[in-house]
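Written out below as structure tokens is the structure these notes cover.
A, B and C label the chains in the order they appear, each numbered from 1.
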Amino acid sequence: MKETPLSNCERDFLLKAIEEKKRLDGRQTYDYRTIKVTFGTDYGCCFVDLGKTRVMAQVSCEIVAPKESRPNEGIVFFNIELSPMASPTFEQGRQSELSVKLNRQLERCLRNSKCIDTESLCVVSGEKVWQIRVDVHVLNHDGNLMDASSIAAITALCHFRRPDVSTQGDEITVYSPEERDPIPLSVYHMPICVSFSFFQQGTYLLVDPCEREERVMDGLLMIAMNKHREICSIQSSGGIMLLKEQVMRCSKIASVKVSEITELVGKALENDRKARKAGEKCGFAESLPQERITALKTDKTPVEAMDVTEKVDDIIQKAEVPPLSVPSPSLPVPGVGQVGQNTWGLDEEEEEEEEGEEDRDSSGEEEEKGTKTQKEKDKDEVVELSDSEEEEVVILHPDT
Amino acid sequence: MEACSISNLKLREFGCEQSLLSRPDGSASFIQGDTSVCAGVYGPAEVKVSKEIYDRATLEVLIQPKVGLAGVRERSQEQCVRETCEASLLLSLHPRSSLTLVLQVIHDDGSLLSCFLNAACMALMDAGLPMSCLFCGVTCAISADGQIVTDPTAAQEKESRALMTFAIDSTERNILMSSTKGSFSVHELQQCIVVSQKASEKMFQFYRDSVKRRYSKYL
Amino acid sequence: MAGLELLSDQGYRLDGRKATEVRKVQARMGVFAQADGSAYLEQGNTKALAVVYGPHEMRGSRSRTLHDRAVINCQYSMATFSTAERKRRPHGDRKSTEMSLHLKQTFEAAVMTQLYPRSQIDIYVKILQSDGGNYSVCVNAATLAVIDAGIPMRDYVCACTVGFVDETPLADLCYAEESGGVSSLALALLPRGGQIALLQMDARLHQDHLEALIEAAMIACKGVSKVLDEVVRQHLQEVSMLTAE
């Protein structure tokens, strides 16, 4: 769908408010929206809510052949799916500019910074390695998809457990989760992206823009850092011009925010680990907020099946008798391409000889009779089966 | 084949949340046991000229799997869901418009198609689209020893001899759509249909309860 | 990395340069007669060719016309023979699309697009030989091509890639240094105002070193801008001599 254009009054209102240091939702310039991290039932599934932006990440793994240039390293593959659910402008066919930008950003932030130990993913050097695939689905777009996706991706990677593998010579045995406990991935550090949006040719700066603010912004600066104050990636986009001092200021703000977010993520992972150890049921179902009136949950309910059998017999009896099936599927009606006499060689004499033999078809013949009476009249003209290719066939006359 | 034994039929615990996403016009997430699905609806909205129909709305259904790209299986499920929705929505009230329904798999633990149908119905309700009837999806599986199991888990589905999903409407409990896999007799089919109709009563009661709860502040 | 010492004790790099030295820049403008503007630039062993068409009427999707500015359309591609291993997909893959977007963003900041509403300016850049610093060389080549086309710009756009090794920033990385896992920062600068049009950094770098790195990049870019200025003036002299006769 085409994007609904932003009206001029809305644009002017937003810009004027930003000039007065006011934001639509009442935040301060450097404030993040509430971040909520929840986990799914299986390992490697996590949901991140950044205000109203909602993102889901799922990590999966499989054994593949490694790349030729790096035979003893595993492969990590990232993919951000902009689901059409997230915004009416997202279409099913991918490769829109935003999609390419987000994907490349996530790849650079997580892969180039080497946050995962890929050498530990090697099973048989040069032949078999683990390929870890991270799929991020954007469910609701209310601004700042990059931050939400990066938090979701790195949290899911920390949460994921891969199956245990043992090699004996050439054979590899992959153990299922019941046989041996799955192993977590070795994550060196957690890079998290922080986005800064610039307005009025770089005069005003906001952290974590919401969707409306993103529409009126001039440009975006994204800094990915980890809690050790190492910058993993910087990317400026949009047609803005920055000054060095602005970049330095942003990096200082980013380090503060990243340490807060890392703490939050760490706490969420810890809580989930404790809950799983204690054997509680985890998952999306459990995180359904019960206090809201838009949510409802029921327990297991039995289905009454008292009178099912009677009802079923009733229905079957009332149903029409289906037509009896014909034993032989080949009904030799005069062929479409047949012109004139059938000159294929079944002479009169041969037919008479064969008539004396065979009584195999008696039962078949009776059913045929039954079929004939039930079906339409034109089937009476069906040629007897004697025209078929089988030579043993004998036709008994109807009066026997 | 003989009649299956039907005893001990249960539906797993289910839950639903509506209006959980801010962008779509209607959204719902539906959970059956461990299977959960998120649905979002946009519409009625502008439609591309190539896809417009002069007297009805154009309904498009998109199913996104959790890992990887959508394939043939998702396409066939989309077809089933779309035909059910088209049977119950009053499309002729919005000619030359588009309705887009997007379903995202959150977790698959069996009975996925019926979960899609239930989430779709709740999302369409949440969006306020006019429908002639509500519908719900029920899955039945016939196990190897002839037992009928409603709302099977993924493990039960794998060991079943046949798997059937029915979409049932709310006004007359008719079957709007059926999708089956495996071999079974006519008698078994009829039994499953009647069982599904019984189970659908529970579902519709749940719909009624959740809507009542939602609008409890206004009533 | 085993073996290769990116910065020796005496302060010399792999190709004998000092840490702050930029590779030799050689450029020619007006290499294509047919295009509105074209330039060929060599920076060390990296060679790039840039061609500019425009401003002209919007081609393709009329719906993308902007009523108050020109649309800049960039395409970045690498020749299949530009790298050591033959490139199987020269354009259309994610990296090329991302590069094209970055180039577009850089030039939208520098070109005075308000002077040409409802028009389109096309910039095509092709890397003929890749030896590190692809983005920077493209930007430098494209700047010359835009000037050759006579399209007004706010300032020269100069770009440089710098890396950080042993607490020292290295200006203008070559391929061996880039692939050595060095943190690299690519910067596109408008030298007169010191404004950054694009900033891109990969790999881990401690926050305290960021300022020094950006400073080194800016100095290198200013050096490059002097060379580009020379090239433009020389080209103008040649052209005026030819037309005067």
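Some observations on this one:
FYI, a contact is a pair of C-beta atoms (placed from the backbone, for glycine too) under 8 Å apart; a residue touches a chain by one contact, two chains touch by 3 or more.
Predicted model only: the values in this text are computed from it and were never measured.
When each chain is reduced to the mean of its CA atoms, the one lying nearest the mean of all protein CA atoms is A. By count of C-beta pairs in contact, A-B exceeds the other of the chain pairs A-C and A-B. Separating the centre of chain B from that of chain C, both taken as means of CA atoms, is a distance of 54 Å. Look at where the CA atoms of chain A average out and do the same for chain C: the two points lie 39 Å apart.
The centroid of the Cα atoms in chain A and the matching centroid in chain B are 18 Å apart. Annotation for chain A: no residues touch two or more other chains.
Looking at the complex, you find that chain C touches chain A at residues 94-95, 97-98, 101-102, 105, 108-109, 185, 190, 193-208, 210-211, 214-215, 218. Of all the residues in chain A, the ones that touch chain B in their complex are 1-2, 40-42, 45, 52, 54, 56, 58, 60, 81, 83-88, 92, 133, 135, 137, 139-142, 283-285, 288-289, 292-305, 308-309, 311-312, 315-316. Partner chain A is touched in their complex by these residues of chain B: 3, 6-24, 27, 29, 31, 33-34, 36, 38-40, 42, 45-46, 62, 64, 66-68, 98, 100, 102, 104, 106-107, 109, 150, 186-187, 190-191, 194-195, 198-199, 202, 206, 209-210, 213-214, 216-217.
Those residues of chain A whose C-beta lies close enough to touch chain C in the complex are 95, 97, 100-101, 103-104, 107-108, 112-114, 221, 225-226, 228-244, 247-248, 251-252, 255.
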